[in-house]
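The structure's right below; bear with me while I get my questions together.
Think of it as A, B, C, D and E in the order they're written, each chain with its own count starting at 1.
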Amino acid sequence: MGDWEFIVGHYNYWIAIFLAMTGLYIVIARGNLIKKLVGLNVFQSSVFILYISLAKVEGGTAPILARGIDIYSNPLPHVLILTAIVVGVATTALGLALVVRIRGEYGTIEEDDIHSQDESM
Amino acid sequence: MKEYLVLRVITKLLLPFILLFGLYVQFHGDFGPGGGFQAGVIFAAGFVLYSLVYGVAAAQKVLPTGILRAGLAGGVLIYALVGVANLILGANYLEYTPLADTMKEGQHLGIFLVELGVGLTVASVMMTVYFTFATWRED
Amino acid sequence: MLLAHLPALVIVIPLICAPLCVLLRGKDWAFIVALLATWASFACSVLLTIQVMKVGTISYAMGGWAPPYGIEIRLDALNVFILLIVSGIGSVVAPYARNSLLLEHIEERAYMFYCAYLLCLCGLMGVAVTGDAFNLFVFLEISSLSSYVLIALGSDRRALTAAYQYLVMGTIGATFIVIAVGLLYQATGTLNMADIANRLPEAGYTNRTVIAAFAFMVIGAGLKIAIFPLHQWLPNAYTYAPNIVSAFLAATATKVSVYILLRFVFSVFGVEFSFVSLPTAIPLLVLAVLAMFLPSIVACFQTNVKRVLAYSSVAQIGYMVLGLGFVSVAGLTASILHLFNHALMKGALFLVLGAVFYRIGSCNIDRMAGLAKQMPWTMAAFVGGGLSLIGVPLTAGFISKWYLILAALEKGWWYIVVLIVVSSLIAVVYVFRVIEAAYFRDAPDDLVNVAEAPISLLAPAWILVFANFYFGVETSISVGIAERAAQSLMGAG
Amino acid sequence: MDTQDFIALAMLLPLIGTVMIWMSGPRPNQREVVTVVTAILTFLCVLQVLPPVLAGENPTLIIANILPGLQFAFVVEPLGMMFALIASFLWIVTSFYAIGYMRGHNEPNQTRFYMCFAIAISSAIAVAFSGNMLTLFIAYEVLTLSTYPLVTHNQDEEAKRAGRTYLGILLTSSIGLLLVAILWTWYAAGTLDFTKGGILKGKIDDGLVIVMLFLYMYGIGKAALMPIHRWLPAAMVAPTPVSALLHAVAVVKAGVFTVLKVIIYIFGADFLTETGASVWLMYVAGATVLLASLVALTKDNLKARLAYSTVSQLSYVVLAGALATSFSLVGGAMHIVMHAFGKITLFFCAGAIMVASHKTEISQMRGLGWRMPFTFAAFLLGALSVIGLPPLGGSWSKWYIALGAADAEQLIFIAVLMISSLLNVAYLIPVFARGFFGPRDEERAQIADTHHHDHDHKSADHAAYGSRIVEAPLFCVVPLWVTALGCVALFLYADRLYAMLEPIVK
Amino acid sequence: MEAWVDISILGLMALTAIAIVMLRNLLAVVMLSGIYSLLAASIFVVMDAVDVAFTEAAVGAGISTMLFIGTLALTTRIEKKPAHTPVLPLIVVIITGAVLIFGTLDVAVYGDPLAPAMQDVAPYYLENTKKHAGIPNVVTAVLASYRGYDTLGEVVVIFTAGIGVILLLGSWRRGLPKIAPHKDDKA
């Protein structure tokens, strides 16, 4: 396999990885609680893209059986990611509920401010 | 939002179609894309739209908290109990096959039932979460 | 007939009872349902343990689809041991909930609390029994989400930020695990753990996908375990959670995460890959040793006793990882044994603190001064649990350390022996700070007339304290299972 | 009931007593009756085990299998028999004494005191009867932990600091060194059972024997080998009955008892002498003997002086063990008994003086002998026994240890023993002497003031030093005479003790 | 052709992600995150994962965005300027990404029908769904039957989230005072 083919065959993964790392960066580096959750969403969605890329079959179609079609993409990752998306939204909902409560108790959703409030006690 | 007459009318017109689409996705999931989860979300979206236009109180009149709670728990129970039914019929958990005469029918019925459970729970959860956020007041 | 379906029932019972709690609404009904569900699960686990000890590995095909096409529940000595720990602690802690919730402003929605509690239990057990890598993630998330909620219910506002922090770190960890599972699937084409293990040699030990999967799995599980230095979420979470939740999670959640690590590193990847072709042991040992010391030292300077215990948990996790890093049957035995014993001692100690909090509304060491006079039974239980935590002979804690040291001796690693011993001495310091305050100081003026905790809080704590002593003397069960589990883990490589 | 049951009972009774003491906490009289009755019953139980041991049997009691091949077991052999006998016998005496002392002193938390005391005795007996090193270790740790509340009894800053020192040194040494040594032994020999002739021979490298011996000897912190002796003087903040029984008998003797056990049954005397691994220990012990005596000389506080004297005397036993000849080992074992009786008498006297006159410093005791002649006379007997003069028990044990030193051709230690005896004289006899001699004028008024303010000054003046005797309560005085006479009796019956102990080296 | 669609969507996603990092107006960030999800949904369509696309659109672009906006209404809209230069996170992210890329080096090329992932298990589903369940949507069959236990877990997860939100924000909380931190213990 030549270099070029290798790159063409993998760029999809690499962009997904880049996206995932952007999301992860937002989660770790940012102090705003909502932005962190956005980052988490980006991180997870990008991992999903990585997963689905693994399921793609050249020349295939969606795995809904039909006459005359022999090549389908791999249904298993699709199922897994369906589940993972649901898990993701559940996490987001819970995280946001926490953010609302934190805002109620602290009056802020910035990590630094929360820390300084806790420490000044 | 009382003054936006157009919005109110359109919403009222749209709502049945949204719910119908939800039902279609729910029951057509075996054949095309879709299934309980997507249907639940669409169903919930319909009511969210309704509450955006008519207010949360009005939406809650249609779907009181109690019913939502029942849906929330009921969906999970349907799913889990379909599995238990198999146990009683002497098969493994979630096996479906003994639910009907042939394997195909059994599987089909099982899938239909559990998708129903999924849809019910997802719709209830989504609406509950939305209503809870919408009625939260900081004092 | 139902006996054959026990592997499914053990999970399904709490899973069905959780929504039932919501439907029933009445807090008494919900309590009874929760209690019965946990006890039923425990009974199932005991039966399963007996079965596994008798006939060896049990496999149950969910949905009747044979693995690897369907999801398999696979029980060997290690699984059932974890199952036993989780459901056992769950059953002991459950009766405690009724009174404990009164103080945390939760009693109004107690039925929801019981529901979340059952979900957490169900998730943890689900992780323990499953033989499918992705299913493990799903159940891990059930337990994680419910524990975020449970932690956030604490009566201090810092509980909220702690839960949030845990949510973020936990989700990152879980996503790492998902990535690892995806890469493994890519390399082997299957999700069944036993099947992955079989196909990995085919993919080759130098396969870069597998190596990356290994890295992500270890880090992901490490985040969930709170392995040093990924432990930042743990001290706050355990400190500000409602007391019953601290007790339950401290005794079970990290244990299940350690199980994930053990299962993947030893059974799925296999010793050959994890330790021979990759230099995993050394970093693990270094981290373990650091974990044994730094958090312990931090624990010595805390004023909130719950926080002391939380940091001590991070330190104790160090022992488990240490045993794992020895890569020997003896080391693994020690590790698995300590999983069990640590659950007993931390469960007991956190329950005791719950009883203290119930009466004096604080777990501050200064507020606990002179408490032994007013709450003699409670503090006696603390002493019992504390002795076990130190590793005094006749307690369960001693047995784990004994095996850990033997494992180190077997390797001829003297310095490790010394380190284990010295770190236990740090435990003496933080445990005795509390005991000294409770027994040899005078109570603060406003706390001279404190009543003893109610029996519903004391009984569970004492059951665990007794367990600490029982398993410190009669070790044939705990050591027996742990040894078998360790042998099968090492043999699988 | 057979012997096994009595072994179990001897350890269980004090525990049952603990519960009963706790339950009768609010009723002091009942509580103290319970204590005394338990003590007597315990002693009787221990006594029941004696005949079979004298007949050469080793009664065994196995409780549980802690680990595969490692039992929680008790095996009684002569050395342990002897230790259990003195511990349980002296508990009776101390119980009486404690009643007088604690009441006379109006101590708080008396119930806790009696409870911990009973647990400590139970564990001391368990130490004595232990059948293997792990069981011994467990009992040893329980002993440490149960005496911690006794040391911190006063609950003030000083007591707490002392408690920290106490626990710090004892736990650090036992967990940090002793446990490691035990594990190593288990790993090397595959057993921890006390076996005649030792279990280590041929199992570890000759060069490593020194390391192992070091771990054991400094692991047994209770033997108070310098420089880890600090806990013992620190523990003297405890009430005197505690110092008396626990720090003259149970705790410290458990330490040297363990030393002897380890040397006889783990290493084996022959193995030690062959490898020469214990030579360093002789020197350390000898140095401790002398240095502690010198320190004792500088202490004005009577209990502190006695504490350092104990440190010094304990090292006699360690020295005896290090010499590892049959004479020295029996002599060391005998010294445990002799010193127990002698030192407990001295502590009882110190406590009696404290109760009766509230004096703790030796320099304040001038002329006190005239007021407390019985106490001071008993003090003299105890002191002479500790010094090792006939006709008191202490003379025999020193004699045998000296013989052992000659046997081992370590003549220098005979000199050490002699110098030490002289030092003993120098720090013990002045206490007695000061009671009867020396200037006392400025003291009179003071004593009269503090204790007889209800009397007329002048009459009190004469009463205090003339005919009037102001002794401690009878509960204090009788026990201290019992132990003092015990010292005499031990001199007379030393041959029986020797005969009983002889099997340990045969 | 497909490759170019693919690349342009991915490129757009990268731009969106970077914009999310840069922007401090949270409303804009949330809208961008919705757009990101929509783009992800379209890339799923390109990769023949219609069910996933459907779900991602409904959830990522729909429900999530709605919840985010709801939260913004209850909290605040502007993110504070980051105080410190985040070097450590950057290092962590770069290392993680590097490991992941390292891992993909041995992954079969995109679309390879011979990849290990395409063997055995996946074909089993494609071949047998018709026979076993009699329905054409393989994803549904796998979801609800072959891996029905997973889906049960999924439903429980969403149920847990529902319970959690009620417990945290339910109307019963309204009467309660703000929870005061325990005075006597410092962080």
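We adopt the following convention: a residue touches a chain if its C-beta (ideal position, glycine included) is under 8 Å from a C-beta of that chain, and two chains touch if they have at least 3 such contacts.
Fair warning: this is a prediction, and the values are worked out from it, not measured in the lab.
Engineer: Starting at chain B, how many touching-chain steps does it take at least to reach chain E?
Structural biologist: 1
Engineer: Using only the chains other than chain C, in their current positions, what clusters of touching chains do you get?
Structural biologist: Connectivity check, chain C excluded: A, B, E | D.
Engineer: Mean of the CA atoms for each chain, then the mean for all of them together: which chain is nearest?
Structural biologist: C
Engineer: If I average the CA coordinates per chain, which chain comes out farthest from chain A?
Structural biologist: Farthest from chain A by mean C-alpha position: D.
Engineer: Just grab the chain with the largest centre-to-centre distance to chain B, centres being mean Cα coordinates.
Structural biologist: Measuring from the centre of chain B, the most distant chain centre belongs to D.
Engineer: Pick out whichever of the two, A-E or B-C, is joined by more C-beta pairs in contact.
Structural biologist: Looking at B-C and A-E side by side, A-E shows more C-beta contacts.
Engineer: From the mean C-alpha coordinate of chain C to that of chain E, what's the distance rounded to whole Å?
Structural biologist: Centres of chain C and chain E (C-alpha means) sit 28 Å apart.
Engineer: For chain C and chain D, what's the span in angstrom between their mean Cα positions?
Structural biologist: Here chain C and chain D have centroids separated by 45 Å.
Engineer: At what distance in angstrom does the C-alpha mean of chain E lie from that of chain D?
Structural biologist: Computed value for the inter-centroid distance: 71 Å.
Engineer: Chain A to chain B: how many Å between their CA centres?
Structural biologist: That gives a centre separation of 25 Å.
Engineer: Taking each residue of chain C in turn, which ones touch at least two of the other chains?
Structural biologist: If we look for residues of chain C contacting two or more partner chains, we find 15, 18-19, 22, 62-63, 134, 138, 141, 145, 148-149, 152, 157-158, 179, 185-186, 191.
Engineer: Taking each residue of chain D in turn, which ones touch at least two of the other chains?
Structural biologist: In chain D, nothing touches at least two other chains.
Engineer: So which stretches of chain E touch two or more other chains?
Structural biologist: Residues 50-51, 55, 59, 63, 67, 70-71, 74, 100, 104-105, 107-108, 115, 117-118, 121-122, 125, 136-137, 139, 143, 145, 147-154, 156-161, 163-166, 168-170, 178-179, 181, 186-187 of chain E touch two or more partner chains.
Engineer: Let me make sure I understand the interfaces: which chain pairs count as touching?
Structural biologist: So, checking each combination of chains, I get A-B, A-C, A-E, B-C, B-E, C-D, C-E as the touching pairs.
Engineer: Using the touch definition from the top, list the residues of chain B that touch chain C in their complex.
Structural biologist: 69-70, 72-74, 76-77, 80-81, 83-84, 87, 90-97
Engineer: Which part of chain B faces chain E closely enough to touch in the complex?
Structural biologist: It is residues 29-35, 37-38, 41-42, 44-45, 48, 72-73, 75-76, 79-80, 83, 93-94, 96, 103-105, 107-108, 110-111, 114-115, 117-118, 121-122, 124-126, 128-130, 132-139 of chain B that touch chain E.
Engineer: Enumerate the contact residues on chain A facing chain B in the complex.
Structural biologist: For chain A paired with chain B, touching residues are 62, 64, 82, 86, 93, 96-97, 100, 103-104.
Engineer: For chain C, which residues count as touching chain D in their complex?
Structural biologist: By the definition above, chain C touches chain D via 387, 391-394, 399, 402, 405-406, 409-410, 417-418, 421-422, 424-425, 428, 432, 436, 439-442, 472-476, 479.
Engineer: Using the touch definition up top, name the residues of chain D that touch chain C in the complex.
Structural biologist: Those residues of chain D that touch chain C are 63-68, 72, 134, 137-138, 141-142, 145, 149, 152, 155, 159-160, 163-164, 167, 171-172, 175-176, 179-180, 183-184, 186-187.
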